[in-house]
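Following this message is one structure expressed as structure tokens.
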Amino acid sequence: MALERWFRRNKPTRKEEDNSPAGLWLKCDGCHAQIYRKDLVANRYVCPECDHHYRMPVDARIDLLADAGTFERWSGHIQAQDPLEFEDTQPYTERIEKAQKKHGRPDAIVTGAAELDGHAVALVVMDFAFLGGSMGSVVGEEIARAAERAAEEGRSLVAVTASGGARMQEGALSLMQMAKTTVALGALAERRLPYVSVLTDPTTGGVTASFATLGDVIFAEPGALISFAGPRVIQQTIRQDLPEGFQRAEFLLQKGMVDDVVKRSALKGRVAQVLKLLTAGLPEPTLEAPRAATV
Amino acid sequence: MPLPFEQPIEDLAAKIRDMRAYASEQQIDLTEEIDALQARLDRLKRDTYDNLTRWQRVQVARAPGRPTGLDYLQHAFEGFTELHGDRTLGDDPAVVTGLATLEGASVVVIAQQKGRDTKENIHRNFGMSHPSGYRKAMRMFDLADKFRLPVVTLIDTPGAYPGLAAEEQGQAWVIAESIRRMSELTVPAVSVVIGEGGSGGALAIGVANRVLILENAIYSVISPESCAAILWRDAGEAERAAEALKLTSRDLVALGVVDRVIDEPLGGAHNDRDTAIALVKEALVEELAQLTHMSGERLRRARYERFRALGRFEAVA
Amino acid sequence: MPLPFEQPIEDLAAKIRDMRAYASEQQIDLTEEIDALQARLDRLKRDTYDNLTRWQRVQVARAPGRPTGLDYLQHAFEGFTELHGDRTLGDDPAVVTGLATLEGASVVVIAQQKGRDTKENIHRNFGMSHPSGYRKAMRMFDLADKFRLPVVTLIDTPGAYPGLAAEEQGQAWVIAESIRRMSELTVPAVSVVIGEGGSGGALAIGVANRVLILENAIYSVISPESCAAILWRDAGEAERAAEALKLTSRDLVALGVVDRVIDEPLGGAHNDRDTAIALVKEALVEELAQLTHMSGERLRRARYERFRALGRFEAVA
Amino acid sequence: MALERWFRRNKPTRKEEDNSPAGLWLKCDGCHAQIYRKDLVANRYVCPECDHHYRMPVDARIDLLADAGTFERWSGHIQAQDPLEFEDTQPYTERIEKAQKKHGRPDAIVTGAAELDGHAVALVVMDFAFLGGSMGSVVGEEIARAAERAAEEGRSLVAVTASGGARMQEGALSLMQMAKTTVALGALAERRLPYVSVLTDPTTGGVTASFATLGDVIFAEPGALISFAGPRVIQQTIRQDLPEGFQRAEFLLQKGMVDDVVKRSALKGRVAQVLKLLTAGLPEPTLEAPRAATV
């Protein structure tokens, strides 16, 4: 069976995609209340008691943002090579294969076209469950393709990030994805198409230091860890405890780094509002003269 | 102090020095013996340096005495005039920027700067930049575009500084911005990895039309030590990580990440600084000469395409 | 609490209220008397407000209850969505920025924001911006240019904050940059002085194609209090300074500094907020309609010429 | 006698222009040594003992920067009006008249063309002695004219600032000079002509918050006070002593606000070096194609 078909056939099950605590009942990380799993899922992986935002599976994220039935997948046709023949405790090729089987997609990302409250968008959603959402050649390429295709089709770009950073196993090629994704955003900018970036827990390292933070508007989910260096690295550097809330979404809002911290329940509306406002600008200056002449 | 693998070379060189001294003192003719030893030394050097392991190259890239950014700015360029400050957050000593001429042509220069001794290393924060350093670089990009001056960046950093203040001031944001800003330059840009190309902190000033690297320099997504700590939970496995990461100049050419290797003098740049500096200068002059004929739009487009093309993947079967 | 000069009006109004209550209680017909008093009240109001001294207008401009930036953003515009942060230094609560529509057209809005009570005043630093506030405004200018959205700024500040951190972060630098950046916008820009236009801190977001001012707002190179402290070494001479500085809306039109006065409802904006907000909205819609037909280059040129022409001098005899 | 001729005829004498302490001998503010006045003047108003930089008369400043015999004055044809009919302890018109007589120029500025180490420049020098170097309509206009004329004639602009800020007596019109001078710099930028700003003691208020800090390259003289708000205002705000060196040139260098602190003895050379480097860029992109075709 061709792998691609395999990817497409499998509907992800809870086990494969869902990172919230397992079991019928769970004790909430936020409020320690006992919550019924089904309620959590029904509430978009947000604790109904305390509003604690859990990580969210990719498909649920797409459901959250895309108007019903409008999502058309673009990604999924390429997969990782092993340019470094990298081997640590297991070969990179094996790691990838296992992750592919487990998560039902070739790599840590899904992209596609959708309507978002009627706005034509390209949707980019990272999958933290897939090797920590690490960005290697495939993730970088899918993002770059999505940005360029969005530009061609006149779509706004909405990216939902979740990543531990660059994928070590592809070495400097992973590093270069930071530049690749960044330059590809230029294609959108040239056409004055908005790019809204949504930072979710966790977004760190090379993803934060490239396309994730280049949104025209940047939203972050409550409590999300967003950083360049991870908290452990910083602790090692400064050799003291980090302040409460450091590198969390609310901290970054206060530091001027994000436009707002937006609850999941409000996210789609807020993104739609921004897209509406940013796409209603004056006509292009170059178009003014002929238009004026014909009116 | 020689690097560990340089010890046999140093020992043999010491032996030759001894023999010369002895011959001169005793007025004995040992020319033949000395010549033979000298030839052996040359062979040993060549054998050693041609066959450095990746981990050994990491050591050379970080060797004390290796020319730093300022050494190039002061000796490969003429009339270097430093411009300070980012007009926003401060003046980061880990990044040195300014104007200079290169064979008579004006350029904007940006160099990551490690210390040349302990005191300077502390001052320069071991070459690890704060957001202010990247903002200073971006100010230079603006200056370069405005006055149509080519940009030369010299990369040498263990990485962007991972600290409290750096995070508070948006280290990730400023690296991303710097990558974007540099990619959009409408003037020629050439980067040279002269020592350690440490991850995003290096790439932030490495989005050039041509990316060069010194023979024994390295460029990596993560330091071998950190990589080892993550993969094998043991920073001592750095040697193994260095091998796995394929971070040497030749590796990077093979991956398409860098365009050209600048050979170092036999024994490495730290053993012959003047020659190393001259070789870098020569390469820069050549590369800039190729680029100055291109229009701003073409240069920008070329940078887009260069970085857009990087990566390896295959079709899903 | 009425302003000092409003006391006679308030007294008369109270008298009318009393009389109405008395008439209703006693079931006596005092319609004629009340009507007469009401007419007198209207006259008194008109006489008072038509003849405010400059110092009295300063008091109105600063009156508690006067609509602030956010009041306009929330009620003169639709769908105001606040965007936070300058991506560099922080998120200054003394400047509120974001996107909104005005009669259906998207605009970028930037408003200086005083507090509406003591707590908010502390939070908003009494409308005195730090460099971060101006950087946030500049980020909005970039957004406006990129997406071709007209810019509306609402000016209401005693001045840029004169403090340690503000100086360290280059308060002067960022005001200068903001003036430049705003002057270079390629989209229409309209500014309204809604309360206090305090010196460079106000001008930083006031380099618009059209500069409007509310009838009782002021715009000055220095506050009357500071001016008095310098000239007469007595801040108590503020009234005299206010007269000398010619800082009222009519003065500023005469000097060519502002283009249009937006009338306030009788009794001032603080006594009829809804009407004031509606009048500002109407004026903004009219002004933007005039500007949206102009090309980016023409808008920029017009701004250049508008500010280039300001000043009074004569030939040396 | 026409006032203009009067301005031009009078050679400024020490009394009119020189703000260093009077007398044959003086006690240095920096090192408290007894210095011979003539030595101070000969040393460009810099203490020969401790390098303390005194304020410098305008003509000496022009001598310092312009190649001998190359300075051609542009300014001096306009003078202040009294748009506010401003009167404090004395009418504004009287203040101006007295200052004009005392300092031998119509207002607090001199502009003109010069060569600076052979580079064609427009020189703008503010006169702190003239009503505190305050910027009213005349100062603003002279700066704007100098910038525009420099642009027309292909000259770089070099401005030496010294000012207490905006001129209160012209009210909002003074404030507007901040915008006027700033927009006029745009004329230079369009033609890619460098603007080097030299901040001297003191440069504060509206001048600092406009053209003074918009230099492509900004130098400051050692020890110069450079600020938006004056130290007294800030002390009143924070109600505590200011840190040592606060708002001084060296402090601002450390804060990233100026490119360098340059001693007066090195100033001309440093400015010339920067002008040389900034004016040797690649040809204009629009000129490339035809050039390539003819070569």
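The first chain written gets the first letter, and so on, giving A, B, C and D; residue counts start at 1 in each chain.
Definition applied: a contact is a pair of C-beta atoms (placed from the backbone, for glycine too) under 8 Å apart; a residue touches a chain by one contact, two chains touch by 3 or more.
A quick note: this is a predicted structure, and the numbers were derived from the prediction, not measured.
Trainee: By that same contact rule, can you tell me which chains touch chain B and chain D alike?
Mentor: Neighbours common to chain B and chain D are C.
Trainee: Report which of A-C and A-B is connected by more C-beta pairs in contact.
Mentor: Pair with more contacting C-beta pairs, A-C versus A-B: A-B.
Trainee: Could you give the separation in Å between the centres of chain A and chain D, each centre being the mean of its C-alpha atoms?
Mentor: Measuring from centre to centre gives 52 Å for this pair.
Trainee: Take the average of all CA coordinates in chain A, do the same for chain C, and state the distance between these two points in whole angstrom.
Mentor: Taking the mean C-alpha position of each chain, the two centres sit 42 Å apart.
Trainee: Determine the centre-to-centre distance between chain C and chain D, using the mean Cα coordinates as centres, and give it in whole Å.
Mentor: Computed from C-alpha means, the inter-chain centre distance equals 33 Å.
Trainee: Indicate the residues of chain D shared as contacts by at least two other chains.
Mentor: Answer for chain D, listing residues that touch two or more other chains: 255-257.
Trainee: Multi-chain contacts only, two chains or more: what residues does chain C have there?
Mentor: 87-89, 135, 169-170, 173 - these are the residues of chain C that touch more than one other chain.
Trainee: What are all the chain pairs that meet the touch criterion?
Mentor: Result of the pairwise touch check is A-B, A-C, B-C, B-D, C-D.
Trainee: Flag every residue of chain A that touches chain C in the complex, lowest number first.
Mentor: Spelled out, the residues of chain A in touch with chain C are 189, 192, 194, 216-217, 253-260, 270, 273-274, 276-285, 288-289, 292.
Trainee: Applying the document's contact rule, which stretches of chain C touch chain B when the two form their complex?
Mentor: 87-89, 135, 169-170, 173
Trainee: Applying the document's contact rule, which stretches of chain B touch chain D when the two form their complex?
Mentor: Residue list for chain B touching chain D: 79, 81-92, 99-101, 105-106, 132, 136, 143, 146-150, 186-188, 292-293, 295-297.
Trainee: What residues on chain D touch chain C, complex-wise?
Mentor: For this pair, the touching residues of chain D are 2-4, 7, 76-81, 83-84, 86-89, 106, 136-138, 140-141, 144, 166-168, 170-180, 182-186, 205-206, 208-214, 226-229, 233-234, 237-238, 242-243, 246-247, 255-257.
Trainee: Which positions of chain C touch chain D when the two form their complex?
Mentor: Touching chain D: residues 160-164, 166-173, 175-177, 179-180, 183-184, 199-200, 203-204, 206-207, 219-222, 226-227, 230-232, 244-247, 251-252, 255, 257, 303-304, 307-308, 310-317 of chain C.
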